[in-house]
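Dropping the structure in here first, questions after.
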Amino acid sequence: MSPPLHHYLILAAVLFCLGLYGVLAKRNAIVALMSVELMLAGVNLNLVAFDRYLGSRYLGQVFALFTVSVAAAEAAVGLALVIALARRRNSVDLSEFTDLSG
Amino acid sequence: MVTAMVFAPLAAASLLLLLPANRRLAIRVVAALASGLSLALAVYLCFAYDQRLGGVQFLTRLRWIPVLGAFYLVGADGISLAMVLLTALVLFAGVFASWRMEERDKEFFVLLLVLVTGVFGVFVSFDLLLFLSFYELAVIPMYLLIAVWGSTRKEYAAYKLTLYLLAGSVLLILGVILVYFSTGMLTFDFLAISGLRFDPALQRRLFPFLFLGFAVLVPMWPFHTWSPDGHAAAPTAVSMLHAGVLMKLGAYGVIRVALTLFPTAARAWSPLIAALCTVNILYGAYVALAQKDLKYVIGYSSVSHMGYVLLGIASFTAAGLTGAVFQMFSHGVMTGLFFALVGHVYAQAHTREIAALGGLAKAMPVAATTFAIAALASLGLPGLSSFVAEVLVFFGAFRRFPALAVLGIAAIVVTASYILRTTQQVFFGPPQERYAGAKDARTVDLVGLFLLLGVLVGFGLLPQPLVGLISTGVQPLVTRMGGMP
Amino acid sequence: MGGIPAQLGREFWQALAWPLGAAAPAPAAPALLVVLPALAFVLAGLSLRRRPGLAAGLAIAVTAWSLVASARLFLTVRLLNGELVASYTWVAAGGVRLEAGFAVNPLTAAMLLVVAAVSLLVQVYSTAYLAGDPGYSRYFAYLSFFTAAMFGLVLSPNLFQLYVFYELVGLASFLLIGFWHEEPGPVAAARKAFVTTRLGDFGLLLGILLLYWHARTLDFTRLAWLAPELDPAVLRLVALLIFAGAAGKSAQFPLHVWLPDAMAGPTPVSALIHAATMVAAGVFLVARAFPLFAPAVAGRLPLLVVAAAGAVTSFLGATAATAQDDVKRVLAYSTVSQLGLMMLGLGAQSSTAAVFHLITHAFFKSLLFLGAGAAIRRCHHEQDIWRMGGLARPMPLTALAFAVGGLSLAGVPPLSGFYSKDAILLAVLEQARGSRPHAAFLTVGLAVSALTAFYLARLFFLIFTGAPQEEGPVSPGRAHRPGPAPREAAAAPPAMTVPLLLLAVPAAVLGYFGQRLLPVKEHLNQTLAGGTTALALAGIGAAWLLYGRRRPARDPLVAALGPVHRLLRSGYYLDDLYTRLGNYLVRGLAATLHRFDRTAVDGLVNGVAGVVLLSGRTLRRVQGGWVQRYLLYLVAAVFLALAAWLWHGLELYPAGGMGRW
Amino acid sequence: MTAVFWFLAGVTVLAAAGVMALPNVFHASLCFALSFFALAGVYLTLGAEFLAAIQILIYTGAIAVIIAFAVMLTPPAIGHSNLSNRQRLWAGAVALLALGLLAGGLVPVRWPEPGPLRATSAASLGELMLTRYVVPFEVAGFILLVALIAAITVAKGALKP
């Protein structure tokens, strides 16, 4: 017996919100990046769950695959940026990067 | 055909991305060819459009986001065609006006072409979601173009401009979403939506969203202050496109969306709109009189001239609306010309302070003559297209709001005063020693200048082809609004 | 294939050849009157910049053609005793249809003839006057442009086209006043002229709009026919507004201040535009729209206003002219005064007399200007009459021509001015029976006659008689203008004297013949004619006593009149008044609004839009550049909006939005 | 089945919480890998075997590894400490608000019952990707390529000075 759909959805929401907290509150850029991945994972879980429960003929899964690949790209570029910043500023603390100050 | 025209600049932009940045001539040639292609297609469309048939022609409909009922739905009617032609003209001239751009020229042309794709798209979309998407595509590059390549307080201006425009977009998006849900059809297809008659009470609630969202861009008083700052800060070609075309997006949106969907509400609001745009006209002219920077003079004159557009729209008469669209066209061409020349003067004299300039006619007779003709167009001299536009607006406005029209027409005297003062102070008077070495406009500049000039004079002498084209677009609207002839 | 262009070409050549003797009337000939000079303008302006001779030749050839064509048109119209009319739709949008075309009737044909004749002579004269000027081609281009615009104005079959060309002649005037655009004086004068006349045009445009929406047509013929059926109250307003336009262009009080300043342009331009043709356009306009002014359709008020404005202007101009020292300013105020007289004639319901005076005035006033120009050139662009003198000896022909023009304008019989001026005064006299305002106007007219004779005689005596004056230092700013070499004593070149003599002929005899040629109804009134002649001779006599018998070192009137002289000299201080008014009202208002815009509107809107955060400490806190803080705001806003949405009982997942895929 | 789900969900959430809470960034990255591993299990309960496999390969395999590398390459002072910034309370509040809204909106809805659990064949997914979704597929590939080049350029540029 499968658990009802909203169990999956709530799990996804929890992951998303944990990630959200991380993105907003973490000083380490790497942790912030991981948090973004968590948010994306939550979204992915939503897609897969809906795919199963609404019978959308794999559309959700295909979408999730694309999300995964984009997430991978994002992680690669993001981490490269983090490393570049670390080299230049000797820091990965997001609170210190305020160059866009208006 | 329409699609090809819209995406030719975007295709060229992607091509430019592939070119190495040091192939400077190639970059320019690609940009010029793309804009030339767009221009040729725009001209072709104007001729191919069947005026007797009227309505929206050259329709292409593709499913875009079926879930939302959004389509890739493009086409053109008389109003669109006039605007598309204007955009193509200004783009073409703008590319030539920025021929000598030196700093990061490749990125500049890429953004310019992307911006224009957005503008073209807005004018030909007949799907509200597509319309909004293209609209944002036009606004965003503007920020970068001003912030990176601008002058005088460019960050401030870019920031201010973007905030204002995005504030406008927020209203627009809200308005469009409300429309979307209130039709009961859940479609963004404008042709379908515009077939409906909305309940008057609903119209009164929805109209302000859409109207204000667009009016910020027009720019209507008192939401105009972003525009002179933006004009002044932007680089030449961007000023041209900004004043020449981008401001028209607002007026176009008012006509295409707000007026078409909510004729009853528009009618109820029109006295207020007419009053505000009369303020625009007079106020813009007076403030222009007090400006010291050449670009600010032109900027405020645009505020004033766009007031005529709104006045024509608010008149609800066929003549007034036709005049409004014609004014959009000719103001676009005229300001394009102005900014191209101001750019040239600035490049040669390194200042735009009117008091510091003077006697430039000796060093640059061709630029001076061209500027003088643009100035004459600005003050509504017969024989140039602005005259036809203004007169039609006056005819329309006078019929519905005689008192306001009198005030608006009075501005022609003030306009004459500031335009002549500016022209004379910059170009006439004793030639100054320090500008003796200033160069006149050369072949590359002349391509754009003469094209715009020719259009200005051509449609000034024989306006009927364009007036007829615009009328076919305006007529159904007037019928729908139950307006006066 | 090629049907339309070929036919156009054929018609073009037919029309071009028509005045030269082709028998069949060419319908396009009147249109060519506008097109050819316009082409000459474009060619001379663009391609002939480096070939001044060719530019001048082209302009003159075109004008000569126009003169022949106008003459032939004039004869044709007289023969037909009707009107040649053609009208095409120029712009049609919704309920507005604007037409363009031409209408040739005796009035317009006569005007065409005058414009063409004076233009031609002035252009020939200019070849010598401006010889060597760096802007020579440009000058002739502008002149051609003016000719085209003026023909268009005269030929207009409707009020709208007339307005179009009204603005265009205004532009031509602007360009030519500011011809020496490197000097500040002409530039400012040009702007003043344009803006002031535009003030009048504004009224004209309003009149046109009002009339159009009331009568649905602007065609003169149809209007004349319709006028009795229209609402008299509206027509009264329309007539007054049209007169506002006429007052601007024809320098009527209170809009006359630009004309004396317009003398900053080259002297031939003053002769052509600011004496003979363009300034008369206002008079022409009222004459053309005369059916709208008729007391039967518009009440008495409009014509009374016209007459009053004319009388006031005429008096102001004539008195101010007596106190000027600059020869061109004397003539300019004289023009103002004579234009006022024409308006007075119109106001006295006699458009014929007004137009008659317009035509004769065109000849003798341009003659006076050209004569003055020759003298000015001889004195190296010195325009102060107190520094001229004794020029009759070196330039006798010029002096003779000037004398003819002066006597004609002064109204000495049997010269032209005598007939035309008397026609106007006679019309006023007829109105004066039973109308007290008109009696006052008649007195003004008589006073003006005497004053006119006085100031013209003063001018003549001071310039042409007496001992030659020492050559003082040339006024600064004019040193570079072309002229004869300092020691050159030769008389004016033939290109200048021949036009003078040719102009002197109509200035002398046109009145006598014109009286028969034109349908002038009024016959000479013996008493009136005798009276005006006596007044004119009295004026001349007074001038001879003061200036002619023995040349005074300085103007005796200055001491005699004291502050009154200063008042007259300054043109009744109207210029100062307007300048101050302009500075305080327009510039001051502009500056205030500018500050208002920068502070209030900007601030208010930014505040209202919730973008107060643009400045100050708030800005620092919000725009710290710390991206995570931005993100916090963004996310919080989204979820708060979502919460608000739910709070209002809206479903998060509306059933309609969740279709099956 | 439900029990399996509960177990995997618990592991996922706890590991994710570990990412937030553990003081050492390296430990946090290990938790990150664990969380995604467990999530792959959750996918299995949904019958998405192929996706589960991909999830493990990419996240726990590739991304977790480069994160670990990144942690080691960044300055040790902060690189190894998982600190929160000064807006953490607000951030927590917003995250809780979000969770409350999402959950509150989700629970009352009557969701459809699932059909029988069928394993997804990788073959049918692949067919879909190369027919119906071929354009997004190509675009995704292109994005990956661009990202690859970009990552190399950015990181290399950083190493140069």
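We just call them A, B, C and D in the order they show up, numbering each chain from 1.
Here is the rule we use: a residue touches a chain if its C-beta (ideal position, glycine included) is under 8 Å from a C-beta of that chain, and two chains touch if they have at least 3 such contacts.
Since this is a predicted model, take the numbers as computed values, not measurements.
A.B. asks: In terms of C-beta pairs in contact, which two chains are most connected?
C.D. replies: By contact count, the leading interface is A-D.
A.B. asks: Centroid from C-alpha atoms only, then distance subunit A to subunit B, rounded to Å. What do you get?
C.D. replies: Whole-Å distance between the two chain centres: 42.
A.B. asks: Any idea how many Å lie between the Cα centroids of subunit C and subunit D?
C.D. replies: Here the centre of subunit D sits 82 Å away from the centre of subunit C.
A.B. asks: Using mean CA coordinates as chain centres, what's the gap between subunit A and subunit C in Å?
C.D. replies: About 76 Å separates the centre of subunit A from that of subunit C.
A.B. asks: Just the number, please: Cα centre separation of subunit A and subunit D in whole Å.
C.D. replies: 6
A.B. asks: Mark out which residues of subunit C touch at least two other chains, giving numbers and ranges.
C.D. replies: Only 628, 632, 635, 661 qualify.
A.B. asks: Residue numbers in subunit A touching 2 or more other chains?
C.D. replies: As it turns out, subunit A has residues touching two or more other chains at 20, 24-25, 54, 94-95, 102.
A.B. asks: If you look at subunit B, which of its residues touch at least two other chains?
C.D. replies: Residues 159.
A.B. asks: If we use the touch criterion from the header, which chain pairs count as touching?
C.D. replies: Every pair of chains meeting the touch criterion: A-C, A-D, B-C, C-D.
A.B. asks: Within the complex, which stretch of subunit D touches subunit A?
C.D. replies: 1-2, 5-6, 9, 12-13, 16-17, 19-20, 25, 28-29, 32, 35-36, 39, 42-43, 45-48, 50-51, 54-55, 58-59, 62-63, 66-67, 69-71, 73-75, 78-79, 81-88, 90-92, 94-96, 98-99, 102-103, 106-107, 109, 111-115, 117, 120, 124-125, 128-129, 133, 136-137, 140-141, 143-144, 146-148, 150-152, 154-155, 157-159, 161
A.B. asks: Under the touch definition given earlier, write down the residues of subunit C that touch subunit D in their complex.
C.D. replies: 628-629, 632, 635-636, 639-640, 642-643, 646, 652-653
A.B. asks: Show which residues of subunit A lie in contact with subunit D when the two form their complex.
C.D. replies: Answer in residue numbers: 1-11, 13-22, 24-28, 30-31, 33-35, 37-38, 41, 45, 48-49, 51-55, 58, 61-62, 64-66, 68-77, 79-88, 90-95.
A.B. asks: Hey, which residues of subunit C end up touching subunit B in the complex?
C.D. replies: My answer: residues 89-96, 98, 163-165, 167-168, 171, 174, 178, 181-184, 187-188, 190-191, 194-195, 198-199, 201-202, 205-206, 209-210, 212-213, 586-587, 589-591, 593-594, 597, 601-602, 604-605, 609, 611, 614, 656-657, 659, 661.
A.B. asks: Under the stated contact criterion, what part of subunit A meets subunit C in this complex?
C.D. replies: For subunit A paired with subunit C, touching residues are 20, 23-25, 32, 54, 56-57, 59, 94-95, 97-102.
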